[in-house]
Every structure is written in C-alpha cells, then in structure tokens.
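Below, chain A partners chain B and then partners chain C, in two separate complexes.
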Partner chain A sequence: MTEAPETTPSRRALIGWGGAGLALGAVAAGGAVAMARTGDDVVPAAAGTGAAIPFHGERQAGIATPVQDRLHFAAFDVKTDDRAEFVQLLKDWTAAARRMTAGQSVGEGAYGGLAEAPPDDTGEALGLKPSRLTLTFGFGPSLFEKYGEAFGIADARPEALAELPKFAGDNLDKNRSGGDLCVQACADDPQVAVHAIRNLARIGMGKVVIRWSQLGFGKTSSTTPEEQTPRNLMGFKDGTRNIAGTETDRLEKFVWVGEKDGPAWMAGGSYLVARRIRMHIETWDRTSLQEQEDIFGRDKGEGAPVGKAKERDEPFLKAMLPDAHVRLAHPDSNDGATILRRGYSFTDGTDGLGRLDAGLFFLAYQRDPRTGFIRIQRNLALDALNEYIQHVGSALFAVPPGVRDKDDWWGRTLFGKEA
Partner chain B sequence: MRPARLSAVAAAATVAALTAVTGCTEKGSSTGGERVVNVTSTDDKCEVSKKEFPAGHVELAIENKGSKVTEVYILFPDDRIVTERENIGPGTKQTVTAEVKAGDYTIACKPGMKGDGIRQTVKATGKGAPAKRDPRLDKAVAAYREYVQTQADETLPKAEAFAKAVKDGDIEAAKKAYAPSRIGWERTEPVAESFGDIDPKVDVREDGLAAGQDPATDWTGWHRLEKALWQDKKIGDREKQLADQLITDLKDWQKRVGKAEITPTSMANGAKELLDEVATGKVTGEEERYSHTDLVDFKANVEGAEKAYELLKAVAKENDPALVTELDKQFGALNTLLDKYRADKSSYDFTSYDKVGDADQKELSDGVNSLAEPLSKLAAAVVVK
Partner chain C sequence: MTEAPETTPSRRALIGWGGAGLALGAVAAGGAVAMARTGDDVVPAAAGTGAAIPFHGERQAGIATPVQDRLHFAAFDVKTDDRAEFVQLLKDWTAAARRMTAGQSVGEGAYGGLAEAPPDDTGEALGLKPSRLTLTFGFGPSLFEKYGEAFGIADARPEALAELPKFAGDNLDKNRSGGDLCVQACADDPQVAVHAIRNLARIGMGKVVIRWSQLGFGKTSSTTPEEQTPRNLMGFKDGTRNIAGTETDRLEKFVWVGEKDGPAWMAGGSYLVARRIRMHIETWDRTSLQEQEDIFGRDKGEGAPVGKAKERDEPFLKAMLPDAHVRLAHPDSNDGATILRRGYSFTDGTDGLGRLDAGLFFLAYQRDPRTGFIRIQRNLALDALNEYIQHVGSALFAVPPGVRDKDDWWGRTLFGKEA
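On to the complex of A and B.
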C-alpha cells in the first residue's frame, strides 16, 4: 500500500493516516526499534541493543536515522550578544553532544572530582547504554532577527527561514512556540534523552535559557518501514508512506537542502517544523468507528486506504471523502509536496478540567518549508480531522549539515570563518 | 527559611574548625599512624582504634564489617557535625579526613543510616596545627564574620521597630516595617541556619512546620506575623506576644552569630545557597506569599552572596580567572535586572511580586540560574590545593 501520504503535515501527522511507507531505517543499529505503543508487535531489537548512533557525519543524525522511542525536545533563547561567547557555547555543546551520544558523561564526569565542586555531569545516565541517542541542532528565525547584526549573520538568513504563516485553526501559545535555537534529543531510554537536554541547558546557563521543552513517547512515524507502522493516540497507523532512511533519492529531493538551494551554509542541512498538536481525546473517543475511518480515509485495524485491502496498497484518493485527512495531506493533492515526519505522541498529564493534555508533537524535516509543510498545512484547512485537534505550539528551525569530525562543531558552516 | 534539615552550609560551617575537610577514598594514610583512627562499623558496634589523637589533621579509616549500609560522623559535643561520610556499603572501606581543634568529639556509626547511631567519645589533644592556608582567606573569613555580626546588629533596631508597630496594633506601620526588618537576616541566612534552632523560630513558613506541629501554637516568627497583617488583617494578643518572641529569638541570633563556624568553603557554599533560596523561594513568590515583598528578600540574598564572593575573589581569581570574569558579569546583570523593579537604587522599595508578570518572572529566574551555576564553582576555586 503505500500511498502517498507521506507528505502530510501536521495534523495529519497526528492523525496519521496510517500509511506509510516504507522506509527503512538506515542506520543499522536502529532499525528495529520497538515502538512501544503497540504492544504485541513490538520489535525490541535495535532498541534493546542500546547501541550508539555515530555523531559525526555529512548530515546530522536524528533525521533520516531510525526513529527512537523517546523524545526530549528543547527550544532555547540566546541571552548573549557576544559572538565569541556564543561560538564557544556551540563548541562546548558539540563536545558534550559528542560524548553523550557515545554513552559517555560530559566534562570530567559525575563523580570522582573535587569534593567541593558540583560534578560536571549530572549523573542520571550513568550505567545506561547510549540508547541510540541522537542530538540534532538548529537555528530559529528569531536568532537572525535578534542577533543578526551582533553576530554578523544577518545576510546569511535563508529565505526559507521565514516565520511560519498563521494557519486556520491555530491557537498558538507563545510559551510553547518559537526559539532562537533547538536541540532534538531522541533515544530509546527517556532518561538518556532527558539527561542530554538537562546537561546542555546547564552548560548553556548564562548564555542561553530554555524557552520551552516537550517530552514525547511512542514515535508516530518511522523511517524504517520494515517495522510495524506506529499508531498515534487516535489509534490509527501513522506514517505508512513516510520517507525511509534508505530512500536516498527521496531524501535528496524532499529533505536535504541542495548545494544550489542557498545559502551555502545550509547545504546538506534541512528545515525542521515542530508543532504541538493537542488532540481532543475525549470527544474523539466518542466518535463512531465509521466516522473515525472516514476522517482518516483508512480503516482502523489494518490501516488500508478506503476500498483497499492492505495498509500498503496504493490509495485511491477519490474514493475518500473530500475532507478526509489522508486525501488532503497526500502528495497528489499538494503538487507532490512530501516531508519526512518524525513526530512523537505526548501526554503531559491532564488539564485543569480533567481532560488528557495529549496529542502529537509533530516534527517534520524538509528541504524547504514553503514547498513542504506550509504547502500541505494550507491544504488541510478543510481537513475533517480539525474538529478533533488544535495546533497550540509552533516553531521552525534551520538544521545545518552534520558535524564532520572531532574538530567540527554545530553551526560551523554559519559561524566559522571559512564558511 | 528552609526546611528543618541541616543545611549544607550548616554542615560546612560547623566544620569550621577544620580547614579543609576532604572526604573520599584516598590513597592511604600518608599522615602516619597516630593521626589515623581505625573505625570498624558493624550492625551493633562502632569500634575505634584509639580514643585520643593529636589535634590537627586526623584521618578516619572506616571499614564496614556489618551487613547494612552505614555512615560515620565526627560530631561536636553539641551534636553539630564536624564531618561525615554516608553510604558506606557492607564490606567496603572509606577514608575521611578533617582538621580538628583540641577538644572532645563524638564518633558515631549509623548502621542502616538512621537514628542517633552507636557512639564513641574521643578526644583531640594538644594544640594541634590546622593545616596552613592562604592568609588572605583567613582575612576573608574574619571580614565575613564581621559582616555577619554587623548585619545582625543593624537588624535588631529595625526588627524592634516592626515589633513595636505590631504591639501598638498599627497594621499599616507594621506592614511598612516588615520587609526592612528582614534584610540583614536574608543577607546572611546560611550562617543563621547553621545553628539549626534559630531559623525554624523566626523564618519558618506554615508549610515548613514539622509533622505534629500545630500552626496555631507552634508557628512563630516573621511569616506568622506576615499572615496576620496581610491575610487576616488583624493584630491580637497572640500576635503581640509573637512580636516579643521574635525579638528574643533575634537577640539570640545576634549574640551567637559572631561565633559561627565559618570557613572559605562555607562562605562560598553559603553564597550559592543564598541564590538557591532565591531560586526555590523568591522567584516562585512562595517566601512572601502574603506581603509579596519577595524582591526585597531577593535583593538581600544577592547582596549577601556578593559580599562573600567579593571577599573570596582575590584567591578565586588566581585559581580560576575565567570564573571570576563570569561571576562579575552575572552579578552585574542580575543587579541591573533587579534595579528595574525599584525607582530609586538606594531604596529597598521594590515592586510587589504579585505585580510581576510571568515573562518577567522567567527573566528573573533565568538571571538567577545564570549566576548560581558559576557560583556553584566558587568553593572549588578557593580550596587550598
């Protein structure tokens, strides 16, 4: 089956049409990660091995590499206008990230140092495996607005890094939106992901502050299609047609910024859209099965598109209702627009009214948000799913290319002299 | 205010007698036999190899031969802690060293890590010679001791003015005198806390009362009166009596504070603790929940921390110049930020904290974290290497 759905942006994402595709995760280790959510089909393989994902590479890890089980995502605001101090922070962060992704503690460790000094590392990841931790770093549009002059990067702002437009139905909380910088920490062990963000935040104190952060569990899309397709909190398979880590051609076409796209410092990078999408869980749960399946355009059990038998059967969009989520989000409905989804479910307890504060923390990587998320999200204005979801947080980041070796650092192509 | 546990500073402060207490498993007993006390802890015994040793450097070579995790303390006769080592597992050995003055001490083993422990009385004899330290640090300690005493001396008249207003039944005057009466206390709070018994009497909040304490009869001090003035809006006989009690307790503080055990390490840790107080109590508006005078306490905490830092700065600068640069910058930034909340920089008339919006509270919180993180490294920068 496999249809097209990969493209889908937001809500869909959350919702997921299930389908997805296939991809397979590239990184070896990864693969099989289990998605806890479904229980019986969990394939603990790679997750269970606790292996490390290489930190160095042409691209940053955490995009096309296999999706881990857990997320801690943090947006930071910069508090220094001193370029040298900021660059030093990027180097310090990179050094810490290099160690943590290898399963090592930061600095001089969590114990054994001077008794009078607090340890460099906070210690809660001692004894835990690397757990496929990836740390993926990006710059937000506000960094260029606030510090473009001070840092001498005003002219380097990519055109693609314009603030996202307002979309129909948005109800954005500024305390869950934006950010000058981001770090996406994904790991199979939540404690490893939280440890990474906590230690980076601590290293950054005085230079950067956390603006907001989000925990996620149960990936809602995978880049490893040989695995069971994950389900979102609405109970539908999500990401059947997502771009796989092995699909080099589609990655080049839809995810990685090309040499000629400009600016040069972003070549090999990608753009990340993050959306906190709250689900009206209780009303959804009271919705009839027929309506639920009509809204998605797939059946709930198998995940097959309307009129088809299997999840990966090619969808026939016209068989779906005009406002079905999969139909509206499908590349065929969006001039081919396709994005790589990497979102997670979240449940931040309950709200003051006793309702689950739950939904999808949608993360999508793309070559250009204008032809990716923005294109698709606009098409979702009439999505039937909108009755059951609300976008409450939003952010966009330019994710630079990978850290190549031990002397390289996050953002060098933007801040390094040779860039 | 802080919970009834012994604060870290308290522990450090009491340790004062010692110059540098180093815990840890160390390489052998380089100091030689007479200064090493072997302590063998079992589930029902705490054996010491000698009951007398020369004052000065002493090393406890601890072995846990019992079945439970244990901890070992050296205590002053009044139970203040000289030094301690926790979490000593069955079958393991640990070493703790300390510099002690001549006098009587107690060594206590606590198998299972609870209760008063199994105790042995020991004696440090002779004059002993505390390890040498940088004379600038001795001057810093002396200057800080003087500062602490001055703060107490200057607080008393202000507290008496506050108490008088309460006793006169003048709510408005009492409200006005409340926050100023606390400034000297807030500047030096970790030292006061090192005594253990004064802070729970004068600065406890209702939620800080121990289990079994009744707010109606056991809650005393500033915050009890704060609630009467701002929340209940009335002064009765109980409040008048509590005003007198506050003065009595503060006089006790004034009398004892100059003799507190103070070391460079406890000064540095005390500075960090003052910022911790801000981070956990003031930034959240919990400390002054009725009067909303949190920013006055906030400023006083920062001033007290800065005083300790300034006194230690010369030594810290030699050991860690980058740290001093960062601390200067962050103290400056936080003070500048606080100045936004008062019209006149010489006044302690700060914006009421219930009028400080969420975004501004976050900015204050970020400023505190930016200062407290490097401040946590100050103690290591003044330790004699």
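On to the complex of A and C.
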C-alpha cells in the first residue's frame, strides 16, 4: 500500500495544525481541478485503503468510486418547514462532509474548541485515516410531498422520483423504508463511516431525525473488475458483470442523468434504489449445491455461467432454467436495462426464532429507475431465488450532481435560487 | 504487511487441493508444538491481518491474542438433553473451528461435496484470508441449571459461574442476555467472523439455537501497547492500561484460572463477562468538553490522566473527581481488581426515536468474576458516566482451556470422561 502523504493526512495530524486550513485548501483545490476533468476517477482502485477520495467534482463520489469495504447508510426525515433553516443545514452538512472525507474533524475538532462548549466533533475517528470515506447525498420522494410547497420545490420534482411500485413478494417494514433525505457513507474503516453519519445527525439535531440506518459489513459488488468479485451471504460471487467505475460509456448511458433527461437540477446526478433484502439463510444452507447453482445460473466455486468455464465468460441464457436469477436479471431479458450495483452484506443480530437477521442491503444507481431497477425487479417476480429471500425495506432517492468547489453545497442546483 | 506463505493460505487455494489435508496437518502440528511452549503468543502483534492464528494451544486463542478489528459474538441455547449428541456437537464444532481458523472451508467446502447434498460450507468466505480468525468457546451458568443432571455435570459447576448479581442501573433485555454456550469470533475481516458463527449455527441445527448475537465493528481495547489505543464511541481512548497479551505475570494473576482455583476442568481457562452497554450518544454529544473530560478523568485528545501530560503517565486518582470513571475503575479503588478488556463498538441501526442504537459491547476476561468484573462494577454504581450509558445485555461464561491437538475438542476437560 503506497500513499502520497499529502493526500492521506491522519486525522490526528490535522488537529492542532495552525496551518491546517491552508494545507487542506491546497489539497482541495488540486482535487477540484482534477475532478473537473475526470469525475471520480482521479482515485485509482489501487489507491491505499487509507487514502482520501476527493469530495469535489462534477459527480458525487460514492457512485462510480471503487467500492469501499464498509457501509453506514442513513435515511433522515426533515423536521423543519423553514426553507432558510433547511438550506443552512445543507450547507453545514456539506462543510462537515468536505472535512470528514479529507480525514479532518468537523470544525475545530474534539478538543480544539472551548472547554465550556460541546466539542465540534464526537472524536471517535481521531487518529484514523480518511479510509476512502465518501458521503453521497440524496432527496427522497417524501421531501417533495411533505415540503414541496413550503420549500418552493414542488414543481421541481422529477418524474423519475415517483414512489416505487409494490413488487410481488414485497414485505416492507415502513420503519426500514422511505426517508426525506439519505446519506450513504462508505469507507474502508467502519468507524470512519459510523462517525460520519453520527456527526451529520448531530449537526442536524432539531432539523432532521434519522428515520432508519443500516450498517453493511462487507461489499457484495465491485466496480473494479481487476479485483476479486466479492461473494454475497449465499456464497455466490455477486456483481461479475457490474458497471466498472472506468466504463465512461456505460456510466453515461445507464447511471448519470443526462442534460436532456430533466429536470435540469438533476443533470450529472443519479437515482439510488435501496432495498433491504433478508435472506433465509438457514433454509438456503439446507439446499443442495445443484439446486443452488440452478437457481443462480452460475456455479458456486468459479462463478461461471451454466455451461461455461470461467466467471467472465459470456452467459448463454437459454442454457439456464427459465427462472434462474442471472437469466431473469440479465439485460437481454430486460430490454437492455442495466444498473450499477453497490450493495453490502448485513447481519443485524438474531430474530426471535434463533435465525440470523442477515442478507443483502442492495444499493443500485441508475439514470432512471423506471428503465432500471423497476424494469428488472418486475421481471424478477418469477425469480427462483424468491423462495429464499424477501425484500423488507425499500427507498428511492434523487442523488444530485457533485459539489463543484468550496463554495458549492449539497442540493444547490435545487435550492440555489431564491424560492 | 509481511506474511509467511505457509501460514496464510487463501481459502480459495485450499479448496481443491488434493493434498490440503496433508499440508494443513503439517501447519497444525508445527503450531501445536509452538503453542505448548508459549500459549497464544506465537503470533506476534505485527503479524499481517490476513494471517492465521494457531487454533491449538494450552489456552484458547482470542483472549490474550492481539485484538482483531471485528467481532461476531453469539450466545446459543442447547436444545438436546442427549449427552452423546451434545458431545458429538462439541467435537463437530471443534473440527469446523480448526479448519476455519486455518482459513479452510468446513468439510469439503462449498463445492467439493456431492451436488445432490447441501454444501459443507456456506461459501461466502471462499477466497478470503484466515484474517486472524479466533473462535473462543464457553459454557454459561444456565447450561448447568438446565442440563446439569442430564449431562452428568451438575457437580462440576464452578462456584465462580454463579449468575451475575443485579447492578445499580441495569436495564437488561433478556433477549440479549444469558446463553447456555457462547462463541466469540474475532477477525480482521468481518465476513470471516460472520461466516464462522453462521457455519457453527448451521452445524448445530436441531441441537442448539442462537439466543442472541452481536456484531462489533471496531475494537475499543487493545492488548498490544505498541499499537495506537482505540477510541470508543464517546471519543475517548479506551484500554490504555489494559493487560497486554505479552504480560505473562499479569495474565497468570488476573486472567487464567489456576490449578488450585478449581474445578480442575477450568485450569488454564478464564471467565468471560459480556455486557451490551448502550450509550446515549446524542446526550453525550451535547455535553461540554470540560464535563466529558471530568467524567472520564482523562483529557480527550491525548488521553492523559487529569493533571498529567501523556496517555501512559501514572494516574493520580485524587486529582480526579470522586465519581470520575477512571478513578472508580482503577485497581487502587478496587482492592487491585484487574480484568482484560476486549470490547467492541457497535451500531445496530436506529431506535424508534431517531437515535442510533450504539454503544460498547464490553467483553472482559478474568480469573474469577467475583474478584474481577463484579468487584469493579459494584464500585461503578457511583460512576458519573452512568448518566450517559445503560447496561442492556449481560452474560457470563466459563471459557475452558485450549484445544491441545487434533484429537482434542472444546469442553473435553468437562465432558471427556463417561458420565
């Protein structure tokens, strides 16, 4: 692991530097220049797991960025109908996110402020590296429903941001679904991701409240094909044919909202679908290897499609059972529909019946959910895998374009003009 | 990170080796020789995070072993009163633990068995390194209460294995407390820890059921003083004066059960106290820095005791407030009582009030809980920290000595003779 020292300051080193603002400003400016050219791709997959990912760019980081190891995802509900107060929160959140993704404490940090006041930062990430932290922000449909008039944004709601339809087999818990806002925190150190969500919640106190949150302990998809494909909790490789962070053409076609897609404030953004998918792993574990492989349409060891030898061989869909997961989810079965997956495995203790509450926290980015997730998920109504999984949480968010520079902020393209 | 190749086989490499049994046997034998001399300490703290920790030894690994980054802890209830069936489970679990800690799949693995049968291993750790996985096994008081007669072990119950008393401020959830058995899985890769617990639960199906389980995302104590002291979710360094894994004298005095302590089957073992400690982090975060530091008795940045300059300076207890946490927990305030801490931070989503369900999953090993945790926790009734924390789960386990060699198994010293 090699790290350029100037891009991987330890949090400890930055606290207490008189010149920290200056030094960081230089890093940020350099990052911004690079990002304006190439989006997220300035940080190669080979960058050390302690490195910092540039916060500024045309697009938000955390989408095409190489997938980090750990996740803390939070959905927030808004508790203020005061537009100015809400906009100030977006600015405050952006300032904190800018610092935390650079490996700095929020404000003056855990012990740089006044002794008589609560610290500006909760402190548990002091001494930890930036750990490739990305913070990715989005607006939910309910924000427009609840505050569209109060915030003067009712007319700006994208058609693509309709509530998701009910799918066959859904068993959604409303306490794990929806949300007016979301923040996806990904990092290679879970303490860094948890710290970030916690501090945003702290900053938002009285204005927003966490509706639900989810930890993910291991990535199930990679956006870097040269990496070993991660395995989900069913033991299968997941995301073999995922969109790579470097595939500019497929990103433009399937992930980024285009200038003409509308509304204008979403150009360069994306739509995020989050689904908490519980796996009935005890039942799965009693299923024969042959049946498991038939259900997926790939072999378990190598991950090769049915009848093929290697993981990355082109699948021959007709060789699979009609209800095989890979066959039904394949673009050829869905008018070409393709999404960028960024999911994580979760285990949240045990249910009341002695079973692990475990599964896949599915995260997918797409240019339009109607031609992305919704198209594919409707086809998966027949999926043989449905006997072993259940969707128990669901949310959709409009993820605006990136924060361009130090004067920009999350949501400016939507809220930047006076109402 | 340097790793000796022969001690860090990838799980992938081992599957499919015709000679895997032979190669692993050699590693295990070498490990056993070293362990008989030095206990856990054969793996230095500097060993790579992908390395394997020897499973065989006088003591169980996962106690004095340098603390790994992640945790999955499970308490099980026993569902069979058939002694032979239970003993067979202990042997089957040991065999699986021996393989998994070496980085191997259980049995023939996820795709080495018959296609018509469920795989021997659930597969999600294929291709991952051993990741310093340790599996540490214990018996709870309720095993003796429920099955003492059926298993012929009623007379063997240690006096030290009485139920813990109720402490001031306890608000225990019985669904997060107790358990007839426990397995502590620690690893640097959480997927490896989760995989291990899941496979033990799978092997135990019908004979045991998971009562509760807990994921820990970051260690809060270190047993390697040369390492940076980790911070808990209150932002303070935790475990500065913890017993180091290399401090043989303090381990003998405070952690390992001695030959004369009785009963004989526990000699070389230890007692584990597990407490789920919820932190009211939103309240804590609104507390002034001065008050936070007064409550702990250390400063937040450096971690130095009140009036001292450096973290490892000797605390001067009288300089602290009478109810400061460090003062009340210090051995000088507890007749010398000292425990080895091995706790982890947790965040389990959100409670119904928009607050993070977060805190410390406290794990402490000691020679006798009556002169260890119980002594200290009684003194902490006055702890100023109690305004910000609440103990919501509790368990105690007798952790028997180590598995000596390939013919030995978890609990043999208790169950090895015919009833």
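Note that in this section the second predicted complex is superposed on the first by the 367 of 419 C-alpha atoms of A that agree within 3 Å, B and C clash if a C-alpha of one lies under 4 Å from a C-alpha of the other, contacts with A are read in each partner's own complex, and residues count from 1 in each chain.
Just so we're on the same page, contacts are C-beta pairs under 8 Å (C-beta built on N, C-alpha and C of every residue); 3 or more make two chains touch, one makes a residue touch a chain.
What you see is a predicted model; the values in this text were computed from it and never measured.
Looking at the superposition, the partner that touches the larger set of chain A residues, chain B or chain C, turns out to be C. Applying the stated contact rule after C-alpha superposition, one finds that A:Arg298 touches neither chain B nor chain C. In the superposition on chain A, contact is made by A:Ala115 with both chain B and chain C. Once the two complexes are laid over each other on the shared chain, residue contacts for A:Arg202 go to chain B and to chain C alike. Legend: residue contacts after superposition of the two complexes on their common chain; A:Arg132 is shown touching neither chain B nor chain C.
Within chain A, the residues touched by chain B in the first complex and by chain C in the second are 114-118, 175, 202, 205, 209.
Of all the residues in chain B, the ones that touch chain A in their complex are 22-24, 265, 268-269, 326, 329-330, 358, 362, 366, 369-371, 373-374, 376-377, 379-380, 383. Contacts from chain C toward chain A in the complex involve residues 15-16, 70, 72, 74, 77, 110-111, 113-119, 121-127, 175, 189-191, 194, 197-198, 201-202, 205, 209-215, 217-218, 228, 231-236, 281-282, 285-290, 292-293, 299-301, 345, 347-350, 352, 354-356, 358.
Per the touch definition, chain A reaches chain B in the complex via residues 79, 114-118, 175, 202, 205-206, 209.
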